[in-house]
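The structures considered in this document are given below.
After this come two complexes, each holding chain A, first together with chain B and then together with chain C.
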Partner chain A sequence: MAQQQGARNLTVVGTASPPIDAVERVTGQAKYVGDIELPGMLVAKVLRARHAHARIVSLDTSRAEALPGVKAVITHKDAPKVPIWGNRTYALNEQVRFAGEAVAAVAAVDEETAEKALRLIDVKYEVLKFVLDPEEAVKPGAPQLFPDGNLEGQPRVLTRGDVERAFAECDRVIERVYHCPTMWSGGMEPRVAIAQWEGNKLTLWASTQAPCRVQTNLTGQFNLADSQVRVIASYVGGGFGTKSAAHVDETIAALLARKARRPVKLQYSREEEILDSNTRFETRVYVKIGVKRDMTLHAMDVKAYINQGAYHVRLGGLGNQATHIYKTPHLRTVQYRVHTNLPNTGPTRGVGDPQETFAIDSAMDEIANEMGWDPVEFRLKNVKRNGDPIARGGTGPEDGRLVTQVTDRCIEEGAARIGWARRNAAPGAGQTGPKARGIGVAVTERGNGGGLAGATVTVNLDGSVVVFYASTDIGTHSRTTLSMIAAETIGVALASVRAVAGDTEVAPYDGGSYGNRVLYSTGRAVDAAARDCREQIFATAAPMLKASAADLELRDGVVRVKADASRSLPLRELMQRRGRSVVGDGNVAQSQAEVNVERAAGAHFVEVEVDRETGKIRILRYISAHDVGQPINRTVVENQIEGGTIQGLALTQAEEMRFDPRDGRCLNANFLDLKPPTMLDFDARVIEPIVVDNVGEQGPYGAKGLGENPCHPGMAAVANAVYNASGIRLRRVPFTRADVLRALAEQRTGVSRTA
Partner chain B sequence: MADDDRDTPDHSVSRRAFLKGGALATGAIGSTLLPETAEAQLPIATEPDPRRSVVEMTVNGVAYRKEIPNRTTLLQFLREHLALTGAKMGCDRAQCGACTVIVNGRNVYSCTTLAVEATGAEVLTIEGLATGDALHPIQQAFIQHTGFQCGFCTSGQIMTTKAFLDRVPHPTEDEARRALSGNLCRCAAYKRILESVMTASRLMQA
Partner chain C sequence: MNNFTYIRPATLRDAATQLGKEHGKVMLLAGGTDLLGEMKDDLRVPERLVAIKHLRELQGIRPGRGGVRIGAATSLVDVVESADVRRQAPLLAMAAEKVGTPQIRNMATIGGNLCQRPRCWYYRNNYPCFKHGGNVCYSATGENDFHAILEGGPSYIVHPSDTAPALVALGATVRISTGGRERSVPIEKFFVSPKQDPTRENILQPNEILTEIEVPAAPAGSKAIYVKEMVREIWDFALCSVAAMVTTKGGVVEDARIVLGGVAPFPYRALKAEAALKGKRLDQAAAADAGAAAVEGARPLAKNAYKVPLTQATVARALLSLA
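Entry: the complex of A and B
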């Protein structure tokens, strides 16, 4: 890669520069939304229902309103009858659909008064029957959450070839079901929003990944123009998808601020964040898979129930993994998107890909083992390679061809690094002591996010550069990578570039930071804006250097005549003589179909040790091989791979949200019981990222998105390794010690205690 | 079926509510005599208000003396009264470490320490770590290794590291992992946080 970088003459892109905002982040100076204090700002608190399903019969807020210090109280009567963007909930609803749903909110002079006011609100409910299980929810007679039923829309169906006929042609067919419960997926910073009205202009600071989506929602809620709503999200304490769309809290804060005529801060507690964000949805995936004796994957039939909970941000479900990883001539996927009385869900890191990878890549492993095949060889035989057909529309016919695809190389490099040949040739056998070791693999891929992207780049009179973009830096260091792109394209040092992130008023529309898109798409917009700047600079420089613009180059902050380096002008001097700032405009609109042909692959290999006496699964070594195209910043890439890998592993051991079947209430809405991993839970030192040498075609400098992918394969890789070690097959996450011990007992006795 | 939720705004007893109950109980006699009025609405007390106390503490070398409600946590005191917002609220119940500051040389969760408990104490926050523009070696190490992603846990990680390395200047990696295990990093930048701690230990000896 160093070679490639040299050949392409890159000076900034491809280096490992520390983040440009590192000093702010390590000195406590970075201002997150919760750190902002406005004069006269009120504290907001939300009253939440305890019932999983109920209709509000009456709401009396008069005593709360009469409490001195209370400046506004709102209920569903105050909420616009406009659904929150991308969702079917209102800011506050008359019908309660999950335990923990907001039913009223107050703004008061301080926290204690606001809390006291909540206790003075009198709500009478008609309690309704509830349903938590997605398969129960679609049965006749199930409690109905919405007038049109619990099934959202039509089942999403994709068919390719003739699945029924194909299974008859197979030499082996297996059917399995894989289950991932509702899981917490939030960041360290709980949701927070500050709303301030000046006349009919609303400014909203929010901890969001997608300020423009929040803006679109608020213009709809309050019937305002884009110019009347400014959304700012400068520093964001992680999102992982839970902040990738508008949510009720922003509108609640704005409603309270409008009613109170004062700024309002609504800071969620951790418990509120766990219950009322858009968390990872439950999936139950039925996989039927058939192979031929020659090791070809012949047919796959996938039926998935997606438990969306009460409300759901409609931004994707499952489907990528079954459709795009392997050449499957006969394929059917059916997805049922079901509403139940569980908390809100939405797209979270990988959306449904981690859950689906767990299903597909476990099933691939199961059938390979049943056939006595090497699981890596089986995958390499069937994996899609560069130039193979791909559905440009995601789920339609395979009308495109993959470009720069390197799934095969991810598998090969990962296998070589972990020493795949060392694995148990006979899974579960040959190890006599209490501890058994084994190696597992899982493969994944994902497209890059497209859609509308915009950025502005300005060159100031002293030659310094500012990048403006309305997406956010949620911890992916997009401030840094986007600045690196601008520095490279214009031809200045990174030190002279600064980035202003997440402000809809100073930057053009941009979708947001989600779905492997900010580097790939916003990065292209920044590149376009920077090119625009460079052209304007050359147009100014040409007469000064008595050369044509086409003969100029700009490197290290100096404009030169290419053929005669003695004729040069430092950018600073040029800008002063020009006497006008340069403003570069970058907007790209890429359809998802265009970007779908270029995808980023990954393969994970894990060596585990299963303790047959305690049920503990220990991770001994973990190889995460990923294609990122051209890395813009190597440190950022490795940081994302390492962190994403641990988040994927976390799904194997904890983070399940548990619900009381008697009342639908969440039993573990706190960190102590959800157990997100600490530094001791996984030894991060055993994670080895591999950045597979590649350069993409469409992204800036050939970069591809990465954020989602490292979170995908963990569950499948660990399940496959546990099988290789011990011969037991785990099909539900998290893999608790009890699950492992139960499976080992079944293995010994041959008696299954599970249905 | 109708159900009355009047007295149960939240479906669990929060630690906050518990603490508040405790704080109010200590001033129970006084509070029954007081009208049901929010603190911020009270006129400047002419008689001592049993629900408020004067705290004195040194924060980052500066002496402060302030009258605050008893229920104020140290985290609230730092963030809301002193505008030192480097310590973050990640859970408010001693479960994440985002709020970590150093009190008399020990790393504490400021969200579960009352400000009145820290009366007379020397408090160090992330804002007091650098000397002018010169970053502390721990901060330098966190930059060198990019020991963070979103940065929301970072002040807490750094303050825990400071208290730890002051106690154990030459730790093993496993000692460091144990010492830092009370500080969650949801971005899971753990590999780099550990590298930062080990490098910081070397830099601090230099």
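Entry: the complex of A and C
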């Protein structure tokens, strides 16, 4: 890669350096929304329903309103009858559909008064029957959440070839079910929103990944123009998808601020963040998979129940694994997206791909083992390679051709690094004593970015550069990588570039920070804006250097005549002589079909140790091989791979939200009982990132998105390694001691106690 | 959180005079790592908090004849780092080091660790269960992965303390004061079974303060270990824990104390395991037998059967590590 970088003559892109705002972040100087205090600002608190499903019969706020220090109380009567996002009906609803849903909110002079006021609100409910299980929810007679039923739209069906006929042609067919319950893995910073009205102009500071989406929602809620709503999200303490769209908190804060005529801060507690942000949706995936003796994957039939909870930010579902990763001539996927009385669901890192990778790549492993095949060889035989057909529409016919695809190389490099040949020839073979070791693999892929991307780049009179973009830096270090792109394209040092993130008033529309898109799509917009700047600089410089603009180059902050380096002008001097700033425009609209042919693959290899007496699974070594296209900043790339890998592994250990079956309430909405991993659980030192040498076609400098992918394979890789170590097959996450010990007992006795 | 009166008495006697006759109205505040969280969650709504962490009478680790005396307000980090504790009762230091996180051990006291409330999800979510004065244990037919497999019923909580099993194994004594009257109680008798009183986990009366823990020195020739199985590596309560102390003479087990945490509503002394070990050579077979004996009589609930083999293995391994 270094060679290639040299060949491409890159000076900034492809280097490794700490994030440009690392010092501000670690010294506490970076201002997060929670740090902001406005004069006269009130504190908001939300009253939440304890019932999983109920209708509000009456709501009396008079005693709360009379409490000294209370400045505003709102209920569903105050909420605009405009949907928030996805199907989240209104900011506050007359019918509550999950335990924890907001029913009223108070703004008061301090937290204590606001909390006291909540207790003075008298709500009478008609308690309704509830349903938590997605398969139960679609049965006749199930409690109905919405007038048109619990099933969201039609089942999403994809058909390729003739599955029924194909299974008859197979030499082996197996059927399995894989289950991922509702899980939570959001950011360290709970939701927070500050709303301030100046006349008919609303300014909202929010911890969000998508300021423009929040802006769009607020213009709809309050019937305002884009120019009347400014959303600012400067620093964000993690989002992982849970903050990738508008939510109720922003509208509630704005409603309270308008009613109280004062700025209002609404900050969620950890419990509120877990109950009322976005959870990772439950998936129950039925996989039927058939192979031929020559090791070809011939047919796959996938039926999935997606538990959307009460509301969804975006419809969940399976993403890319069954449809895109393997050459499967006969394929059917059917997805039922079902509403139940569980909390709001939405994208969380990988969206449905971690769950789908768990299902598909476990099933691939199961059938390979049944056939006595090497799971790596089986995957290499069937994985799509560069130039293979791909559905440009995502789910439609395979009308495109994959470009820059290196799934095979991810597998090969990962297998070599972990020493795949060391794995147990048969599951558990040679593993004596209580601790059994084994190696597993899982493969994944995903598309990159897309949608509307925008950025502007300004070159100031002193030659310094500012990048403006309305998406946020949620920890993916887009401030750093986008600044590097601007520095490379214009031809200045990174130190002279600064990035202003997450302000809708100073930057053009940009979708947001989600879906592998900021670097890939917003990065292209930054590159375009920087090229625009460079052209304007050359146009200014040409008469000064008595050369044509086409003969100029700009490197290290100096404009030169390519053929005669003695004719040069430092950018600073040029800008001062020009006497006007340069403003570069970058707006890019990428069609989904255009971006879909370029995808990023990853292969994870893990060596585990299964303690057959205590049920403990330990990760001994973990290889995460990924295609990132051209790395922009190698430090950031490795951080993303490590962080995403750990987040995927966290789903194998805990993070399941547990609900009481009798009342539907979440019982473990806190960090002690939800058990997100600590620094000691998944030691970053056992994770070895491999950046597979590659350059993409469409992203800036050939970069690809990376945020989501490393989170996909952990569950499947660990399950496959546990099988190789011990011969037990885990088909539900998290892999608890109870599950492991039960499976081992069944293995010993030959009696299955699981359904 | 409700309003409350905060009192910072100058002496233990002053503190005791502040206490009431009813549980829950006046509460003692030491490290606060459990109580303040409970108050924020409205699990407890005391009218008055009496601060005791600063009281001179409750401070310090004093080596004495044949053991150490530890003031109840001594922080766990001080217990962990005490040279006297490490020398005379290393089992206690090992157990105290497994509590929570470094931040929690800096704040929390040993007395508080013994008096902390259960971590049952239903108790912590304010269900009207036995612990909150009701007459139901919601876990019995609910989500009971982390509940009791031994001695459960009518409440199925498990005792969450790490130091308690170690102190029971060491045969510690707790001193309890009303300000005027004092009593000493063997620590095994400090904890109560839900069959005696499902609302409480110990014998402290509303007007009493736990002031000191007397820990006898571990017997000469003894070896001890505390093993804690958790979901996470840190910041977690025990799925099961084992405090084991074994005294051998001439290669034969003379005495064994095996106490389990996280599996019963109180620190559970595995008497059958102790008996199984005595007079035997501590080898793999003896350890395995003791492990099996430790869980004899276990009656798991719907979702916690895994704790039986887990506890059995943990006991066996703990013992074998002492061989």
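Brief remarks follow.
As a convention for this text, the second predicted complex is superposed on the first by the 751 of 755 C-alpha atoms of A that agree within 3 Å, B and C clash if a C-alpha of one lies under 4 Å from a C-alpha of the other, contacts with A are read in each partner's own complex, and residues count from 1 in each chain.
Here is the rule we go by: a contact is a pair of C-beta atoms (placed from the backbone, for glycine too) under 8 Å apart; a residue touches a chain by one contact, two chains touch by 3 or more.
Since the model is a prediction, treat every value here as computed from it, not as a measurement.
After overlaying the two complexes on the shared chain, residue contacts for A:Gln653 are found with chain C alone; chain B is out of touch.
Residue contacts after overlaying the shared chain place A:Glu613 against chain C, while chain B stays out of touching range. When the two complexes are overlaid on their common chain A, residue A:Gly237 makes contact with chain B while staying clear of chain C. By the touch criterion defined above, A:Phe146 reaches neither chain B nor chain C. In the superposition on chain A, contact of A:Arg737 is made with chain C only, not with chain B. With both structures placed on the common chain, the touch criterion links A:Gly187 to chain B but leaves chain C unconnected. When the two complexes are overlaid on their common chain A, residue A:Arg48 makes contact with chain B while staying clear of chain C. Using the contact criterion defined above for the overlaid structures, shared-chain residue A:Ala99 touches chain B, although it does not reach chain C.
In the superposition on chain A, contact of A:Thr678 is made with both chain B and chain C.
Note on chain A: of its two partners chain C and chain B, the one contacting more of its residues is B. Shared contact residues on chain A (touching chain B in one structure, chain C in the other): 112, 115, 665, 672, 677-678, 680. The part of chain C that touches chain A in the complex is made up of residues 1, 119, 121-122, 124-125, 138, 142-143, 145, 229, 231-237, 239, 303-306, 309-310, 313-314, 317. Interface of chain B with chain A (complex): residues 1-12, 14, 16-17, 20, 36-41, 69, 71, 79-80, 83-93, 95-96, 98, 125-127, 129-130, 135, 139, 142-144, 146, 148-155, 158, 173, 177-178, 180-194.
Residues 112, 115, 434, 613-616, 653-654, 658, 660-662, 665, 667-668, 672-673, 675, 677-678, 680-681, 736-738, 741-742, 745 of chain A touch chain C in their complex.
Residues 18-19, 22-32, 34-35, 37, 47-51, 54, 57, 67-69, 99-100, 108-110, 112-113, 115-116, 118-127, 186-190, 235-238, 240, 267, 269-271, 474-477, 635-636, 639-640, 642-647, 650, 665, 669-672, 676-680, 682-685, 687 of chain A are the ones that touch chain B when the two sit in their complex.
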